[in-house]
Amino acid sequence: MDRIRIAVLGASGYTGADLVRLAARHPNVEIVALTANTHAGKPLGEVFPHLGMLRLPDLARWEDVDWTRLDAAFCGLPHGTTQEITAAVLGENPALRMIDMSADFRLRNLDVYAEWYGHEHKAPGLQVEAVYGLTEHYREAIGSARLIACPGCYPTAALLALLPIVQNGLVEASDIIIDAKSGVSGAGRSLKQNTLFCEAGEGLSPYSIGKHRHAPEIEQEIGAKAGGPVIVNFTPHLIPMSRGELCTSYLRLSGDASPDDLRDALAAAYAGEEFVRVVGRGVIPQTQNVRGSNYVQIGVFEDRIPGRAIVVSVLDNLVKGSAGQAIQNMNVAFGLDETAGLLQLPLFP
Amino acid sequence: MDRIRIAVLGASGYTGADLVRLAARHPNVEIVALTANTHAGKPLGEVFPHLGMLRLPDLARWEDVDWTRLDAAFCGLPHGTTQEITAAVLGENPALRMIDMSADFRLRNLDVYAEWYGHEHKAPGLQVEAVYGLTEHYREAIGSARLIACPGCYPTAALLALLPIVQNGLVEASDIIIDAKSGVSGAGRSLKQNTLFCEAGEGLSPYSIGKHRHAPEIEQEIGAKAGGPVIVNFTPHLIPMSRGELCTSYLRLSGDASPDDLRDALAAAYAGEEFVRVVGRGVIPQTQNVRGSNYVQIGVFEDRIPGRAIVVSVLDNLVKGSAGQAIQNMNVAFGLDETAGLLQLPLFP
Amino acid sequence: MDRIRIAVLGASGYTGADLVRLAARHPNVEIVALTANTHAGKPLGEVFPHLGMLRLPDLARWEDVDWTRLDAAFCGLPHGTTQEITAAVLGENPALRMIDMSADFRLRNLDVYAEWYGHEHKAPGLQVEAVYGLTEHYREAIGSARLIACPGCYPTAALLALLPIVQNGLVEASDIIIDAKSGVSGAGRSLKQNTLFCEAGEGLSPYSIGKHRHAPEIEQEIGAKAGGPVIVNFTPHLIPMSRGELCTSYLRLSGDASPDDLRDALAAAYAGEEFVRVVGRGVIPQTQNVRGSNYVQIGVFEDRIPGRAIVVSVLDNLVKGSAGQAIQNMNVAFGLDETAGLLQLPLFP
Amino acid sequence: MDRIRIAVLGASGYTGADLVRLAARHPNVEIVALTANTHAGKPLGEVFPHLGMLRLPDLARWEDVDWTRLDAAFCGLPHGTTQEITAAVLGENPALRMIDMSADFRLRNLDVYAEWYGHEHKAPGLQVEAVYGLTEHYREAIGSARLIACPGCYPTAALLALLPIVQNGLVEASDIIIDAKSGVSGAGRSLKQNTLFCEAGEGLSPYSIGKHRHAPEIEQEIGAKAGGPVIVNFTPHLIPMSRGELCTSYLRLSGDASPDDLRDALAAAYAGEEFVRVVGRGVIPQTQNVRGSNYVQIGVFEDRIPGRAIVVSVLDNLVKGSAGQAIQNMNVAFGLDETAGLLQLPLFP
């Protein structure tokens, strides 16, 4: 088979760089274009020295790419900038598969989008077409989608753990508390005081309490399984590490469901999945166990409070939480082995 | 006034060292003895080079200390070893004030102690006498106590945030979820694989889910305010930093109580307190803000789920969570200014 | 004695904040003004929440301070901006003692200043008057100085270790190699990509090789002791920690000098000094041992190469390397006990 | 081609685990046995959860492995234990290729071995046979060697940077100062106080000054190129990060050699090498750029002192410094593409 000819939009950000890291070693991919408008003309190795050993096209303005020569594009642009660019790119090459890692096409309800992002959606037609790229749950639709909206890192960690449980009616969907913890790379490479080493190091704090933009995305998907609108508590915390994400979900069991029932439902849902691993009773997921990889670990625990359970899920926010899942979706979209290019093992220590 | 003559039992551990750090600069204290049986004969500076500039007595076996010459003793020994030593020391000098930083005298119910620690309490008579050393809530009893059982670090962080709220009946005591996060120093200086730099760094995980020994201590105190037995969810996580502790408490509001009511109750409870600070609406507590100090920050937040609230509290686990609160209790017990020796400001960055 | 009335210029930077941390607990100081022009009007606690418990004047524009009411000013402004402001402030109040933590008045030779900073010195008259604030070596001059130019953090670490050795002719001044390592706070709080948590964490690199602005300052002082111009190798490295600085100095011994001779010279030079500690043979200085404190540790070691020695010195770059030494100089300048307000012990872990 | 059947001795240490991480994804390798005598009987995933998704043989005692069925063995045992085990294994299967990551066979001079390791070598016959596994410099001998002694992490970093320079006579071999910095994983997974998170975090210090066991190994190889015995200064420092190693080498130029001559010599030596990259003038190597990969970066810089130069080299101590180079040597020994299984890109951030 010919190699899939891809472009990476926004190659100067962390998700873009991790996409390149994976795509450059993918057996079925050829990287044809890299865009980063503020760095156009530079080799990627100047912006990301860890990738300097690769022979790659220089960074270019996205307007200067010949999109007709491409089979797929990965988009790692900041939220809000993707809609118009996606429309333009797909206008130029309607056959291209666009795999978006931004938040722009994740919310199916345009009103919810406008409420959380503060402006009307700029490509509502494309939003209708977009498929939510949580691979293990939307595999079939992804196979034929032209526009794939990869989930956020937090939603991936939360939803992989919760969807099979909610779908089986094992917990009260109205009483879900997700205490989430993320490494600093989730905030991206732009300059912010709170992500300086001296500010984020040796300390932690919650942020965006009650108003993080990943909440509506989680609610959309849980609601779809629960059969109606759902409000969840989602409280993220910034942890002094670069990569990794952990969700501790506190759940009220339905009827006489037990923590073992939850584990069984997860095990059944992910039997045969390479990347989602339900750990055994008593085994505790750790972000260290999945760092740098596309793997996810999910564990279920009894609560001291009767009638409740705790589910813990971990992933690498830049891989399964972003670039890795994007590659996984490309593999599905192009009919490749779904694990192609993604079997790098976690880096520990 | 003459200086209070103190000993520190277990001076080779982190809490012992932090006690020395504070006591050595306390205007009303003289350090007369330091014990560490496995290091007896060494200067403290050999075990803790950061304290090498102090002129202090060498480390000694506790059996070799003349307890009759002392006014107070601070105990930083491992859990389980304190009961018999305390009995012996108080036998030798019944007038001595024992300020215990271990867990040995925190649980008033001896059955609960036996259940969680796996053996009968070895000094039940002293347990009856012990006063729980959460300074802001037991100040009067501490003033006249001979044996002060300082709370654990997690209970201090959780209870300071929750007690005024529960006491005022503002939340359902049966539905309290405490997602707690701690730096690695909480695990002490003994050698364990999971606290190696390469294991604990760049990652995080929960631990002791549903069975951490600080849970019964939290339940004891919340139950006392709630007027009956209470079971709480308490789920600790190990964070890649040395010092600091943060509790995110998820609460169901009673009746028509609002998050503002919670904040008001906390503000009223701690008005005039030097060390417990209730931050304003929208301000987020961070462990960075209290590192190395005896200060606590508490913030209250609306939940997205109606009828719920989130309370966030932070402290330094070795200071207000241990050695600092111990000094504060000594100040109370001896009628000193409660802030004496404790006004060092947080170290940031 | 009345309290010394001070202002802190540049209170929104890390050195300014650490000055406030120390000054607020100094028994002989009253903080009368804090300036930070871009944050004027805000309380300090909004910019540095860890200092939010202090009752302090709000941040102001420096032009709005009544300098005639002040006894001393500490300047933590960025390099290059201090000269004109110092001239203006001293113009308004010629009796004020200005203790400058910036680099603006450290180089006695104005040509060297122009060469390294790229512009002519803007207050040459004041430069002539300035005294180099390496307390242990310029104590007498500091006592009567109006303008004290506190050394940089690296020069303090290097010079305290090297000056007594060079002065005693024990090493070849023409063959000094200083491999220096610093925590990230040395780069300040301004937003730079290389000081983001994800960039500086879990890695290290040298920087400014052969051209760091602290090199001429080190050469000036070593040259003064050596009796002629000296060129040193000074190679700084950025280390993934917030605070701390370590210099490993590689030295060629003169004549038949031995490492023990070096240690003896250092011990003699610093006998009776509270803050500079020469450790015993075989004891290795660690930045952990001085974190958050004004203490310095210096150790001397044999090299495997005959005729050479290694000297290791550590300090906290924000304390003895900046704000602490500034306070120490104030104590000297005002005839106070030199250790006043500076005896806080290192924070470990 | 049939897969190479390998065993990993000492699979419960960090180097063993990294060997498994790489070998498990190597296209030409089958992992047939894993030994760890203290963990015999356990699955590897119990000891290293990040490898739990692999289907691998359980950990076994090395005495229980059928060595006749194997083509190669990688040895990650502690120093001193390898000699007798290697002799036994090769006795059982003389055709096996033994690739040793311990220090046991690195020193060709048995007297030097005895001096540094405190006992006579236990397999002197095998020592004679062993080939030093610095791939880029001993490729031909490695190709036919039965016993390959992979260099230590520090020697790999130092020698790759220095050998071409010394060989070309560009620097004085008698005046080489190597200031080395390593992440904590270099100390292994055994329990030591100084590698606890709280001890190694937020600080740094040198260690083993003048007596680190990697010094004689470096001297052996530099001496071989210099044409006579050499003593170098090698001073390692422990850095608060898990992986990564950086050597800053301070060199005195010979005759009229220039820094550019050094860079040219390195560029010529490594032209065509995949893993050793000489960076351009002004580009600074960073450990972040090679983390998790088999790549090395080397840069050359002018010193401020005339007639001197600075060479900076970086690698990942567990990959090119240990397991990666071991795999690279296996590739050479078995006539495979030298980069097989080793092209994983660095993980950043």
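Letters A, B, C and D mark the chains in the order given here, with residues in each chain numbered from 1 onward.
Note that contacts are C-beta pairs under 8 Å (C-beta built on N, C-alpha and C of every residue); 3 or more make two chains touch, one makes a residue touch a chain.
Which chain is which protein? Per UniProt: A, B, C, D = N-acetyl-gamma-glutamyl-phosphate reductase.
Everything quoted here is computed from the prediction, not taken from an experiment.
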item	value
Chain of greatest Cα-centre distance to chain B	D
Contact-richer chain pair [A-D vs C-D]	C-D
Whole-Å gap separating chain A and chain C, where each centre is the average of the chain's CA atoms	46
Centre-of-Cα separation between chain D and chain A, whole angstrom	36
Approximate Å spacing (C-alpha centroids) for the pair chain C, chain D	39
Where chain C touches two or more other chains at once, by residue number	14, 185, 198-199, 201-202, 240-243, 286, 288, 291, 349
For the chain B and chain C complex, residues of the former touching the latter	14, 17, 21, 24-25, 48-54, 185, 201-202, 242-243, 274, 277, 279, 283, 286, 288-292, 295, 343-349
Chain B partner contacts - residues on chain A that touch it in the complex	174-175, 177, 179, 181, 183, 198-199, 201-207, 209-211, 215, 231-235, 237, 239-244, 246, 248, 250, 284-288, 291, 301-306, 308, 310, 312, 314, 349
Chain B - residues contacting chain D, complex	14, 184-185, 189, 191-193, 195-202, 240-242
